[in-house]
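Below you'll find the structure, written out as structure tokens, and then a few comments.
Chain naming follows the written order as A, B and C, and within any one chain the residues start at number 1.
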Amino acid sequence: MALLEIRDVTRRFSDFVAVDHVNIAIEAGEFFTLLGPSGCGKTTLLRMIAGFDLPDEGQILLDGRDLAATPPEKRPVHTVFQSYALFPHMTVAQNIAFPLKMAGKSPARIRDRVDEALADVRLSEKSGQYPHELSGGQKQRVALARGLVNRPRLLLLDEPLGALDAKLREDMQLELIELQKEIGVTFVFVTHAQNEALALSHRIAVMNRGRVEQIDEPSKLYGFPKNRFVADFIGKANLFDARVIDSAGGRLRLEVPGLGDVEAPARADGGVGAGDRGVLSLRPEQVRIAPPGHAEQLRNHFPGKVHDFLYIGDVTVYIVELVNGTRVEALLPNSAPGRAKFFEPGDPVEVAWRDDVGHFLHE
Amino acid sequence: MSDARPAQVAAAAPRDAARPFAAVQRTRRNVVKWIVTAPPFLFLLVFFLLPSLIMVLASFRYPGEYGGLAPLGAATHPGADHGLTVETYQFFFSSFIYTEIFIKSFIVALATTLICLVMAYPLAILIARSPRRHRDLMVLLVILPFASNFLIRVYAWMIILGPQSAFSHFVNSVLGVFGAGPVTMLFSPFAVLCGMVYVHLPFMVLPLYTNLEKHDPVLLDAAQDLGAGGWQRFWRVTFPLSLPGIFSGAALVFIPVLGIFVIPDILGGTRDILIGNLIENQFLTTRDWPFGSTLSIMLTLCVLATAGFAAWLARVGARRA
Amino acid sequence: MRRGLSLWIAAVLVYLFLYVPLLIVVVYSFNDSRLNAEWVGFTLHWYHVLFNDGDMLQAWANSLIIACTASIVATVLGTMAGIAMHRYRPKLLPFMVLTPVAMPSILLGVSLLLFFIQVLNLTLGMLSIIIAHITFCIGFVAIVVHARLAGMDNSVFEAARDLGATPWRTFRLVTFPLILPGVIAGLLMSFTMSIDDFVITFFTAGVGVSTLPLQIYSMIKIAVTPEVNAVSTLLMLITLTLIVVASRFAPDALRGKA
């Protein structure tokens, strides 16, 4: 039995449907992420798990029991808020002790657990300080310690890394993974940063406009997106409108306006017939770029001109404009042995990819 | 995982009926809301709203025989006044003297506001431009005189402008040099104005300074860079941006001045009465309460009109800024 | 820098304008002369007169009783109003709370006079004054408490519930400690406003009761002696102390209020 079951949950605000018949099952010990753009309903869903809101339809079950009749203070679920929400009038130690105090633990036990929690997040020497004396990252860790100290069934994290600068954010990501592994509490993490979700999670639910688009492990989401939204939201993708000409021998032949004839692998689940309209999704790292005439051995190759490029240090992204104006992004690592020479804007090139990469997706 | 759906989902039942706990939570929230909101609300309903309505009603009644109000219902004896009337409003407009006092009060309020503005501005600029650590002290120094009792501040001017004060001697000797006669500064419109400005000056400084503090100094640099001289920079950059602060300060000065009676009472002569004095007189001396109520209603309308005008100006100013 | 200098001079002149009149009052309270005209010599005579003036002492006592009662009740009601205005955003309450503060005091004074006599048939005295003071003090407390709540991170209250605190415990352990500085500032301000109030008290006091400002007023109108200076000086000292203490508790309130 899953630890947390969200069964057909719907939540409306007047005419606006924030959460639309969502079904998710989260297993114990998982680092589960709700990922999606602003307004997709992920925070609303989180608040319903925490108890600050109730679903209009559907149920939320923890350990098999419906949470509907349980107020937030009685749920064995704690939240790390985006603004950390540390109590400004209490010291770090008092903040962390708070949930233990609410649970009625003895002072001696509280002291021990708080010391342990502080050691877990490496803030033992700050125990007597007040929140306003701490840095952003330190406040973050206090909030984490406070949420975990009495080992809830579930820890909810609402975009907790949003306020941190890039370097600190990366460091905290590693710390979060370690902490979750060590303590074993199930995390439900909310974010709109897809690369963060990919890095941290065991499984991700991609949400859009109140609905769940796809739930999968990060690699499957990246490698096998189910629709245009997921393909576009996770990682970068070249997306082309396409029409199926025919489907045979594990391959699809597609007509892509602006490119021409393209061969792509057939979908494992079948379900694609001639005449179907959809999207061809191609990751930039799957697109090769070469001087004209050097890419003929690949089935899909098209001539074009380099429009621009972005040098990102470890890789370079080339934006190639094809004959009729379509733009394709190709990603090249900058450390390949005998690496390809750099291309300048205006250089004529060929872009090419194998016939077993690329996905055809229905919208 | 079973696919069974709770029966509630299928039905289109209203939210609370299908979710009894949600209903309980909502009721509990409402009870708390009433417990917190009701006491202050009821207190102010009884001791603020109700008296205001009574006063509106009173302006439409006859004065009682021994002062106060005549009864609404049956008369105390045959021939006596009772019931409702618009007599008091007619009375107000029957003689120009009352309107004249209203106009005088407006002029005094306007003059006070302008003088306060001119005096407050340099101080506000100085405070806004001072380093952070000095600012709080400087603001406190502005507020402290406000801490003293209102009467004391008025009384101080009684001393200063009194015929035996050093200031009076000084002024009269200067006038004597030019051959002009000695003047009594106390019990005059001049004294009233001094008192009004003195009491309300802090109210103009604070909103102005709060506004000026937010001005980006870069704007002035940019103006200078584009060729504007000192006075131009003030007039074209600082002043327009400070308009919201000016309006707040003006409202905090103008509206109270309209209703003050103490200052004309202590510092003014018999001819210097303003709206407040009229009202005080009607309620406590003449005891013509209906007329006093009418005057109060007229004052309230003036205040509302002024506040409305100020709000409109602020909106227009914001659009242009 | 020339413009800077004239700015400085103008500002200093305004400060002088603000303080010199009050200093004159204080200085003449020690003046050995019946008249507030010129300095004769130093004396504490007027303070002796003050402390032996029975009417004045009674007025002090009345003022203290009224201020204590009114400020406590106003603080309780004002705190409730401030919390309600922040949490529930009611439509009518802010208007009712703030208008007595914003409108000219004379209007509140006469309308209460009318109400007490005509409707409640109440004899004017301590009770009527206390009620009147509560009415305009509620607004001050509500403003300060509301400002304090508005400046806080709201998720703190949700966090308390989330971590196991019932609504009541949340209020007791989190909400109240956080608004307490605002409540205290409101209390001190109400006390100050009450002690200092003249206009509203003037209309609601009736014949028998006198407060400090009323006493000062009758002394000014009837017979001016430096005893007025003495009581003014002492009163200034008290309100000064209260305001400085209040500003320690809620520094932003004094800035934002105006």
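We take it that a residue touches a chain if its C-beta (ideal position, glycine included) is under 8 Å from a C-beta of that chain, and two chains touch if they have at least 3 such contacts.
All figures in this text were calculated on a predicted structure; none of them were measured in a lab.
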Minimal step count in the chain contact network, chain B to chain C: 1
Chain pair with more C-beta contacts, A-B versus A-C: A-C
Averaged-CA centre spacing for the pair chain C and chain B, given as whole angstrom: 16
Whole-Å separation of chain centres (CA-atom averages), chain A against chain B: 56
Junction residues of chain C - those touching two or more other chains: none
Residues of chain A touching at least two other chains: 71
Partner chain C, residues of chain A touching it in the complex: 50-52, 71-74, 77-79, 81-83, 85-89, 98-99, 102-103, 146-147
In the complex with chain A, residue positions of chain C that touch it: 152-153, 155-156, 158-166, 169, 174, 177-178
Touching residues (chain side chain A, partner chain B) in the complex: 2, 5, 7-8, 25, 54, 56-59, 68-69, 71
Touch list for chain B against partner chain C, complex: 32-33, 36-37, 39-41, 43-45, 47-52, 54-55, 58, 68-69, 119-120, 122-123, 125-127, 136, 139-145, 147-153, 155-160, 162, 164-166, 198, 201-203, 206-207, 210, 230, 248, 252, 255-256, 258-262, 265-266, 276, 279-280, 283-284, 289, 292-293, 296, 299-300, 303
Partner chain B, residues of chain C touching it in the complex: 3, 7-8, 10-11, 14-15, 17-19, 21-22, 24-25, 28, 35-38, 76-78, 80-81, 83-84, 87-88, 90, 92-93, 96-97, 99-100, 102-108, 110-115, 117-119, 131-132, 134-135, 138, 142, 167, 192, 196, 198-199, 202-203, 212-213, 216-217, 220-221, 224, 228, 232, 235-236, 239-240, 242-244, 247, 251, 254-256, 258
